[in-house]
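You will see two complexes here that share subunit A, one where it goes with subunit B and one where it goes with subunit C.
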Partner chain A sequence: MTQHLLEVEGLKTEFKRGGGSVTAVAGVDFHIRKGEVLGLVGESGCGKSVTSLSIMRLLKDTPGKITGGSVRFEGTDLTKLSEKDMRRARGNDLAMIFQEPMTSLNPVLRIGLQLTEPIMLHLGYGRKKAREHAIHMLKLVGIPRAEEVIDEYPHQLSGGMRQRVMIAMAMSCNPKLLIADEPTTALDVTIQAQILDLMKRLKEEQEMGMLLITHDLGVVAEMCDRVVVMYAGRVVEEAPVQELFSNPKHPYTKGLIQSVPKLRQKVRRLESIKGNVPDLSQMPPGCKFAARCPFAMEKCVASEPELIPLAGASERKSRCWLTQDEAVEGGDRA
Partner chain B sequence: MSGNSIGMGAGAPLPAEALAPEKSKGRARAFFRKFCKQRLALIAACFIILLFIVAAFGPFLTPYNPDTPDYDALMKGPSAAHWAGTDEYGRDILSRLIDGTRLTMAVSLSSVLIAAVFGTILGLLSGFYGGWWDRLIMRGSDVLFSFPDLLLAIGIVAILGPGLSNVVIAVAVFGIPSFARIIRSVTLSAKQTLFVEATRSMGAKNSRIIWRHIFPETLSSIIVNVSMRIGGAILAAASLSFLGMGAKTTEPDWGAMLSMGRDYLSIAPHIVYFPGLTIFLAVLAFNLVGDGLRDALDPKTKN
Partner chain C sequence: MGRYALQRLLGVIPLLFVVSVLVFLFIHLIPGDPARLIAGKDATLDEIQGIQRQLGLDQPLWRQYIDYMGNTLRGDLGNSIRSGLPVTDLLGSSIMPTVWLTLLSMAWALIIGLLIGMVSAVYHNRWPDYVGTLVSISGMSIPGFWLGLVLIQVFSVELGWVPTGGVDTWRSYIMPSLTLGAGIMSMIARYSRSSMLETMREDYVRTARAKGLREYLVVGRHALRNSLIQVVTVAGLQFGFLLGGSVMVETVFSIPGIGRLLVDSILYRDYTVIQALLLIFAAQFILINLLVDLLYGVLNPKIRYS
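== the complex of A and B ==
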C-alpha cells in the first residue's frame, strides 16, 4: 500500500468543561493522498474544526486535548512531536486557512510584514528576498497592484482580497498539506467561486493535498475528490465524491443531500433533518443519529454500528446498521 | 471643520476600493483632535509640559540660589522680591520649588517606568502562558495589592533604608501589580484573536507572537496607566519625604519642604501652602491627562 500524505487514525479530542470532559472528536479515521482534496462535511458542532485544529495541534489555548489516536504526516506521528518540531512543521509542511478573512490578519500590521514573517522563518530568506517572494505570492493569488498592496494595511482590502492574502500566506512555503476551514463561508457567492477556482489551480500547480472543511455540499461537489461525512464527532460515511452524491449510504448523508435546494424542483418546503445534534455531554449509547433518523430501528438505539468498508466500490465506508449487510466479506473493521 | 479637511488632504490618495475612512496618518490626527477636544486635559497637558521645562532648565530659572540662606528675610510672606515667600532659613521658596521639580519628576517618572517595564513583562507572561505561572504572578499581585500603597512603601523603605533611590524602588514595587493586572487582561483577550491563531498556524514562535502581535495591543493601556500612576507616584514620593524616609531635609524636595514647614504652620503658613499647592496641581494634572489619554486612545469614543 502506498504511503498516504496524511493518515488520521482513531483521533480523539476531549474538552474539559466544569468538572467533567466532553468528547468533541471520538475516534476519527481518514487519510489524504498527495494531490488529493478530501472534503470534511457535517453540520455545525460535529467536530470538523476541532479535527483540523487537532491535526495542527493548535488546541493549546483552548481547554481541548488530544487524548488518543495518531495523526501521521508522511509517516511521522504529529501528536508525538515536540512543540519545537511541530512549530517547524506548521506553515512549512502543513498550512491552514481560516474561516474569517476579516479577522485573521492583524489589523495594525502591514500586509508585507505578516506575509514575509513565515517566509523568513521557514525558507530562511533575507528581508529583501522574502519581500520579493511575498510579492510573487500575491501575484500568484491574483491580487492586482501587488507591489502596493504589500505596504497596505488589512483594512484597506476587501474580504475576498484578504482571503487571497491568507491563501498567499498559507501557500508561501509550499506546504504539502493545506487545511482550509470553511475558506469561503464569509465571502459572497461570486467571490466564493473565484477563491475556489484559485485554490483548485494552486493545488494542481503545487501538487499538494488538501483538507477542505465545509458544510456547503456545492463546494464539495466542485472541489473534492473524496468526502468524509462527520456526525457528532464521528465519521459516518466516507466515499468518492461522485458516489456520495449519486448513491449516499448513510441516512444522515441522504438527509444532508436532500436538504440542498435544487433548481427546477417544484416543492413548497425544503427537506430538512429534524431535530438537533445531540448534546456532546449526553450522548445516547447507540447510533448517535438514531433519534433523528427516519429509518431508526430498535437495534440502532441499543448499540452503535461501526464504520465498515462497503463492497462494490473502493474506499466506501459507512457507519449504519442498514448497510452492514453490504459490508465487504471479512473486511477489516475500522 | 478646518482640521478635518487638512487631515483628508494630507493622506495618500485613496484607491477606489479602500473602504476605510481613516488612513494611518489620519489616526494620529484623530487622536490629537479627540485629545484637544477635552479642555481640562489639554490645560493639564500644558501644565505638565511646563513642569518638564522647569525640570530641564531649573537652574537657569530660579530667581535666587535655592540653597543660600538669607538671614535678613526669615519666613517672609509672598512679596514682589520673593513671590512665594521665604522659609525658616530665608531661602526663596519659589526657587526651591523650581529646583525640586527636577527631583520630583525624576523620582516619579523613573519609579513608574520601572513599574511599567516589570509589570508589563509579568502581565504578558502571565496572560499568555497561563497555568501555574499565571497563578503565581497573580497571587503575588494580590499580596501586594492587599497592603495599603503607602504602608507597603514605608515597609520597603524601612527594609532598604531611607534615601531617594530607595523611594524609587518602593514606589515602583507597589506600581508593578497594577500594570501586571491590566496588561494580563489585555493579553488574555488579544491571544484569543484569530490573527494570533493564524500566526501560530504559520509556525511562529511564542516570543514572536507576544512581541509582534500582543505587545502592540497593550500599548495604549500602558500609556494611560503610566500617566495615571505618575500622579500617585508624586504623591507617594512626597509622602515618604514628608515622613522623613525619602529626600534629606536639606534637599529641595516638595515633600521635605512640606515637612519642614509644618513646624511653623501657625506663624508662617505660606511655607506649607506653596509646596502643598504644587504637589496638588502636579498630581491633578497627571490624573486629568491620564483621563484625557484614555478617552482619546479609545477607538470607541467618537470625536
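== the complex of A and C ==
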C-alpha cells in the first residue's frame, strides 16, 4: 500500500469532566493523499474539531488528551513526537486555520509581527526578508494595499480580511497539509465564496493536502475530493464526494443530505434528523445513531457495527448493519 | 497616540478644579474656627476677629477660594497654624520619604505579583500554582501593622540587620516597603493569575501555538500583554490607595513622611496643612488614573486608534 500524506488510525481523545472522563473521539480512521481535499462532516459536537486539534496536538490548556491510536504524517507518528519536534512541524508542514477570524488574531500585535513569526521561525528568514515574504503572502491571498495592512492591527480589518490574513499565515511556510476548521462559517455568504475560491486556488498552486472541517454540505460539494462523515466521535461513512451525494449509504448521511434545502424542489417542510446527538457521557452500547435512525433494528440497539469497506465502489466505507451485506468479502479494513 | 494622550491630559483639568472646590468646602464645613485656635483660649472677640480679617476668613467663601487657589498656583500654600512655618516647607521635607516608600513598595509588588500570577497560570493546578496561591492569600490576609511589627522584631531586634525605623539609610526602606507592598503584591498576583488564565484560553493563543512558537513566546508575547490590560487597572487603583496605607506603615516604622504629617495635623487641627495634603492626595489619585489611561493606550491599540 502506498504511503499517504496523513494516516489517522484508531485516534482516541478523551476529556476529563468532573471526576471521570468522556470520549470525544472514539477511534477515528481516515487518510489524506498528497494534493487531496478531505471533508470532515458532522453535526456540532461530533468530534470534528477535537480530531483536528488532536492531529495538531493543540489540546494543551483544554482538559483533553489523546489516549490512543496514531497520526502518521509522511510516515512519522505525530502522537509520539517530542513537544520540540512537534513545534517544528506546526506552522511549517502542518498548518491550521480556525473558525473565528475575529478572535484568532492577537488584538494587540501588528499583522506584520503575527505574520512574520512563523516565517522567521521555520524558514529562518531575517526580519526584512520575512517582512517581504509576508507582504507577498498578503498579496497572494488578495489583500489590497498589503504594504499598509502589514503595519495595521487586526481591529482595523474586516472579518473576511482577517480570515485572509489567517490563510496567508497558514500558507506562509508552504505547508504540506492544511487543516481548515470551519474556515467560512463565521463569514458572510459572498465572502465565503471568495475565501473558498482562494483556498482552492492556493491548494492547486501549492499541491498541498487539505482537511476541511465543516457542517456545510455545500462547501463539501464545492471543495472536497473525498468525504468522511462523523457521528458521536466515530466515522460512520467514507466516500468520494460524488458518490456520497448520489448514493449515500449510512442513514445518518442520508439524513444530512436530506436536510439541505434544494432550490428546484418544492417542499412544504424541510427534512430534519429527529432527536439529538447522544450525551458523550451516556453513550448507548449499540449503534450510536440507532435512537434517531428511521431504519433501526433490534440488532442496532444491541451491538455497534464496524466501519467496513464496501464492495464495488472505490474507497467506500460504512458503519451500518444495513450495509454489512455489501461488504467486501474478507475485506481488508485498512 | 498623541491625540489620545492630549485628550486625557485635557480631561484632567476640569477634574482637578472640581476636586479642589470639594476639598476647600470640606475644610470649611468642618466645625471649629482656625482663628479661635490661633488666638488661644483667653483671646477676646476683638482679637479673634482681627485674626479672621488677617486670614481673610471674613470674606465670602467664593472669594476665599479664589484667593487660596491663586496663592496655591503661585506656590504658596499658607502657613501652618501649629508651627507657623510655610506649609510648602513642611511638605518639602516630608514628601520624599513617602514617595520613595510608595515607589519601592509598588515596584516590588508589581514585579513579584506579576511573576507569581504568571507562574500560577502557566502551572495551573499544579504545585507552583498552589504555592503562589498560598503566598498571595497570606499576603492579603495578614494585617500590615502586624507584619511590620513582626519584621521589626525578627530582623531589627533579633538579627540586627536593618534599623527599626527612620530614613537614615536606604536599608531603612526595606522593611516598610515590604510591609506596605505585601497586600498589593497579593492582589496583583491574584488578578494577573486569573486574567492570564482567561487569556490563555483565547483563540489567538491557540493560533500562536499552531504556528509552532515556543511556549515562552506564546506566554510572553501573545498572552502577557493582553492580560496586563486588566492588571493595570487593579495596580493603578492600589497605587492610589498606597498613600492611605502609608499612614500606618509610617507610624509603625517612624518614617517622617506625609502620612505622619497628616495624622499629626489632624490631631492639632492644623487646617492649612490638612487642606494642602488633601489636595495633594486628590491630585495624586487623578494623576495615577491618568497614567493608567495612558498605559491602556500603550497596551491596547484599539483604544489608541479610536
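FYI, the second predicted complex is superposed on the first by the 332 of 334 C-alpha atoms of A that agree within 3 Å, B and C clash if a C-alpha of one lies under 4 Å from a C-alpha of the other, contacts with A are read in each partner's own complex, and residues count from 1 in each chain.
Everything that follows uses one rule, which is that contacts are C-beta pairs under 8 Å (C-beta built on N, C-alpha and C of every residue); 3 or more make two chains touch, one makes a residue touch a chain.
Values in this document were obtained by computation on a predicted structure and should not be read as measured data.
Annotation: superposed three-chain arrangement on subunit A; subunit B versus subunit C shows a clash.
Once the two complexes are laid over each other on the shared chain, residue contacts for A:Ser158 go to subunit B alone; subunit C is not touched.
In the superposition on chain A, A:Gly91 makes contact with both subunit B and subunit C.
Judged by the touch definition given at the top, the superposed model places A:Pro118 against both subunit B and subunit C. Of the two partner chains placed around the shared chain by superposition, neither subunit B nor subunit C is touched by A:Gln194.
Using the contact criterion defined above for the overlaid structures, shared-chain residue A:Glu100 touches subunit B and also reaches subunit C. Touching of subunit A by both subunit B and subunit C, each in its own complex, is seen for residues 56, 58, 61, 87-92, 95-96, 98, 100, 103-109, 114, 117-118, 121-122, 153, 155-156, 166, 169.
Against subunit B, in their complex, subunit A makes its touches with residues 56, 58, 61, 87-92, 95-96, 98, 100, 103-109, 114, 117-118, 121-122, 145, 153, 155-158, 166, 169-170. Across the interface of their complex, subunit A is touched by residues 200-214, 217, 221-222, 225-226, 229, 299-302, 305 of subunit C. Residue ranges on subunit A touching subunit C, taken from their complex, read 56, 58, 60-61, 87-92, 95-96, 98, 100, 103-109, 114, 117-118, 121-122, 153, 155-156, 166, 169.
For subunit B in complex with subunit A, the residues that touch the partner chain are 15, 17-20, 24, 191-195, 197-205, 208, 212-213, 216-217.
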